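Everything below concerns the one structure shown next.
Order as written gives the chain letters A, B, C and D; numbering starts at 1 within each chain.
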Amino acid sequence: MRFFSDNAAPACPEVLASLAAANGLDTAYDGDGWSTALDERVSALFETEVRAFWLPSGTAANCLALAAMCPPYGGIVCHRDAHIQNDEGGAPEFFTHGAKLLLAEGDGAKLTPGSVTALLDGIVNDVHRVQPHAISITNATEYGRVYTPGDVAAIGALARARGLHLHMDGARFANAVVHLGCTPAELTWRAGVDALSFGFIKNGGMTAELLVFFDTALAEGTRQRRKRAGMLLSKGRYLAAQIHAMLDDDVWRRNARIANAGAAMLARAAGDRLIHPVEANEVFLRVTPDEAARLRAAGFDFYDWGPGEARLVISWSQGEAEIAPLADAIAALCAQ
Amino acid sequence: MRFFSDNAAPACPEVLASLAAANGLDTAYDGDGWSTALDERVSALFETEVRAFWLPSGTAANCLALAAMCPPYGGIVCHRDAHIQNDEGGAPEFFTHGAKLLLAEGDGAKLTPGSVTALLDGIVNDVHRVQPHAISITNATEYGRVYTPGDVAAIGALARARGLHLHMDGARFANAVVHLGCTPAELTWRAGVDALSFGFIKNGGMTAELLVFFDTALAEGTRQRRKRAGMLLSKGRYLAAQIHAMLDDDVWRRNARIANAGAAMLARAAGDRLIHPVEANEVFLRVTPDEAARLRAAGFDFYDWGPGEARLVISWSQGEAEIAPLADAIAALCAQ
Amino acid sequence: MRFFSDNAAPACPEVLASLAAANGLDTAYDGDGWSTALDERVSALFETEVRAFWLPSGTAANCLALAAMCPPYGGIVCHRDAHIQNDEGGAPEFFTHGAKLLLAEGDGAKLTPGSVTALLDGIVNDVHRVQPHAISITNATEYGRVYTPGDVAAIGALARARGLHLHMDGARFANAVVHLGCTPAELTWRAGVDALSFGFIKNGGMTAELLVFFDTALAEGTRQRRKRAGMLLSKGRYLAAQIHAMLDDDVWRRNARIANAGAAMLARAAGDRLIHPVEANEVFLRVTPDEAARLRAAGFDFYDWGPGEARLVISWSQGEAEIAPLADAIAALCAQ
Amino acid sequence: MRFFSDNAAPACPEVLASLAAANGLDTAYDGDGWSTALDERVSALFETEVRAFWLPSGTAANCLALAAMCPPYGGIVCHRDAHIQNDEGGAPEFFTHGAKLLLAEGDGAKLTPGSVTALLDGIVNDVHRVQPHAISITNATEYGRVYTPGDVAAIGALARARGLHLHMDGARFANAVVHLGCTPAELTWRAGVDALSFGFIKNGGMTAELLVFFDTALAEGTRQRRKRAGMLLSKGRYLAAQIHAMLDDDVWRRNARIANAGAAMLARAAGDRLIHPVEANEVFLRVTPDEAARLRAAGFDFYDWGPGEARLVISWSQGEAEIAPLADAIAALCAQ
């Protein structure tokens, strides 16, 4: 059993079915009915008028948002362990034409008003120094922690006070929403978020992510930038189809609930071996190399995250039956 | 019936089936078995060692090829009507960091050794002028013409003589190959092509194109550039699956043959109204505005291409039964 | 005697003297009194509030103006023979992050409302095509022709009607102004120009050009872009000094008058061998290879511009005594 | 008396005189005799074959070196307090098209093999993470410390072992050389440096810096990049002239000795208030706000560097007579 990444999970049945259905649409690029319906559909979900763009990757969604928020000569505040800093191969610099990521601290990859303020206050305001234009936070974070609506609002208030835009990388936004039990609106624009990368792929999608602008003026130029990045897919309807399928009947929430439940089961088994509180679908454990080897020998695969650390990610496709043996194996380690 | 674009056609059944099959693969990015098998599979097809990269769009394939061939301060020779010049929203400039497209002439959007030479000879070789580093040709062209292996070889020889790389935009490569009855090798590396954008999407694919490097040293950096462009999809296996499905049992040739046959049927009906010889799946007709209106009233949709010109594109999904009424309607125009 | 380029001319005495004077300033970058005085000084000259930036090259002035006017995904209309297209090594693409130059026609490298309209009307307004954001004209042009205030105003009106910014490359702005006998204001913002590259180097300066924004909102970001381009020189006061020296006592007009007068003397001698009317300090002549060889043998050096064409450029430092023998030699050719 | 920056110092008499002399050269761009002589002249100084490029700023020299060493998708290791990271307004990202600076630690802004190794070992070698391609060190450093030939060689060996290029930002290279008493060769290519930004402006120059490639193959493309950055000045001979003037009769060493001597005088006065050992022409002092105010009241101007820290920079133009009163004032603070 593999617990490497939710990226390795299959697409859910509703998504697969939607692709066959999209075969009946016959307009290229983003001119089909499902693509053109996205703005209204996503506006309804978020209870405000938005502009929504399908994209084939979360990296693209993040980076088009940042390009809209920050000029080439500007900077973007993010956590030292943010995905945009460490795992996107320099894509933010590519899409923004060289903006600089400004790295702040915080437990569990969560920025705080304090950590952001400390960073900002250390940046002399002159032409020689790259000046910040935006803040980017990840929710749920790279360590499976969530920002509550209150957490976001505190950073949103700071962003407004400093004249900065606020982006949320929501590769696991669904996991955060269902953990918190809040509405999508509460966790985003009501708390000051200007744009959200709304992730579907890790949550049972196949090749479609969504970039949502709450500040619709910010969206200007994004259609052009998407085209110019080679991401206005000629058969974009197949991406729109995936998103509609996951929004129908709250499939996105259902999938996230399953994944979170699996992680919670492991968290209960792991007790004080947890490195971070488990608030989404990721579990970080303290394990010795020997213990890690034993787990693998028992058929459980996962990433070593650092010395003595294991990362396990649970996907929408891994039910209780699949998780239980791993929970037992972890509990057995703890009991030694 | 719609004859706007082969981009509007559905994905073929083999491609849809492959997506369901790919659900059984469980490795992220390009680490799955189908992605890693591409190099060998495509090398066999082309009878030489290649490096092959799946990508979600033809624009991306073209532009990553050009980025590998041309430094930011260089230039790329292409036809004045090339897709990379007119229809990619500036993507070549984005991916190459600002290389300049150098525009040459030629009937039917075909470059010739003469037209390329005329352009090159007009470029003073000094530091003030952007110098050419590559040539890009489209086969089949934007007007549905094909370069024969001999045509390509003549440009390939010129490219080598001038120290330039040669790229082929093969968005409709399949249509060219089946029209010519040649091997993929004859039309590409044997004729001097260094990299090919091998199109699948217009030919019955869904969201997967292939970038093929025959000059494998040129491929260095392309994995990094693909990642950095947000195009190392986290579930890339679904792109690999589509390509394998279309290579299996020569589906790619079968689909192209159907589309070409439909276009040939229209060409026979159109007689001397043809603006360009029909060699692939596109038909350009001389029609008066009144005639265009009558065709549309009869249920046939297509693009006006210029004043008095109509473009009709036939796809793999449009069989004889669908084409025949249009052929009859065109023949009726001619008979007047 | 060399008539290659006004770039080869010496700096004028006032400029040299200003450098020694600037030795007394003791503030780095653009914080010195002469740099900070530029906005007001240049505003007075142009009779309107401007933002003015010294720069070490005209290419830099042009390209920072274009970067302020056009997003990376946009296009800039210019003449097919414009300096920004042919002689800046791709700098516009570098500074704009890949904007595309859109080439229009016109005699003597002069755009006309008609030629610009023809170009614009051929650009389909969709996301696949790079859309124009600005027009750039050169005054005096690359062939020594001038746009009158009326010529500029006609293009300015077109620019406004189409929502485009208007840039003037004034590498030889002084030559145009003295030829026309108009005010700097009449030839620029009163005619719709948003930004001017005001050239000093060809006109007796050493290493300082000036970028002038009449649309001061457009200037936002330019200080940052100048810094980021490595052009906020640490001893910028020596650039400011050159500009003040040339504005003092109308040195800039005096120098241009001398150069124009020399060109006029050659024009009178050349008669119907002139390829372009001589309106500034450049003379383009029809000469056979044999005649060119004879002129060179007589000690006159110049560029071959095309087959059977010679370009001669006269500088501020070439007085009547130096020009007269060349005029005689040209007259002798004509008399044969 | 001002001790803000050596950038605020005047140009030295030899440099001023050279500009007048350059008035006699009459070739544009870099075609004049002094520009074309640079390669040979600088090769002699460094006792090896080099390629040398004049540039109008140190930022440009640094960034063209980095652009030659690192692809857009790569990373450059530098100190957290490096000028390229904090004081160039994002120029490295502009010139490299978005390469990422990777920040390492070290006392006095000096990297060590240990600190670089620690950074490198923390970078997972996969396509998701930006990979290092170069190391950049500053000598003398931003805190006036020097790398000895041995220090550089240790980092040079590490660079080679890891397949990285090595760049030295020598804005104050002269100060380091005269402090160490070594040859330019010993401090650069013999210790593994591939390219040096050789600073003249802070050391008595006006507007000319020099980029020196010891790895001459690396220089390929730099002439094009310089042009494209708007830095192939049309009257480049005035930059070449400055450099020749400072190399003649070892003016560059003479000027640096004066500045270093002034700093040494202050260092002796400052005793244990020194924050960093004084090895070049910068002095960092611990002072209370009250003490800083008293120094300013006495006519000494300088930057506050951090809370309780003052930075004083001594230039080639500040002789003993000017320094002595400041030394006395500092000594008086210490005596309290």
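A few points about this structure:
Keep this in mind: contacts are C-beta pairs under 8 Å (C-beta built on N, C-alpha and C of every residue); 3 or more make two chains touch, one makes a residue touch a chain.
Given the structure is predicted, the values throughout are model-derived calculations rather than measurements.
Ranking every chain by how far its Cα centroid lies from the centroid of subunit B, the top place goes to D. Of the two chain pairs examined here, B-C and C-D, the one linked by more C-beta pairs in contact is C-D. For the pair subunit C and subunit D, the distance between mean C-alpha positions equals 34 Å.
Measuring from the averaged C-alpha position of subunit B to that of subunit C gives a distance of 42 Å. Chain contacts: subunit B has residues 29, 72-73, 88-90, 94, 97, 127-128, 224, 227-228, 232 touching two or more partner chains.
Subunit C makes touch with subunit B in their complex at residues 72-75, 86-90, 93-94, 96-101, 127-130. Put simply, subunit B touches subunit D in their complex at residues 29, 71-73, 97, 127-128, 131, 221, 223-225, 227-228, 232. In the complex of the two chains, the subunit A residues touching subunit B come out as 2, 4-5, 7-11, 16, 19-20, 23-24, 26-29, 55-60, 63, 88-91, 94-95, 201-202, 206-207, 224, 227-235, 238-239.
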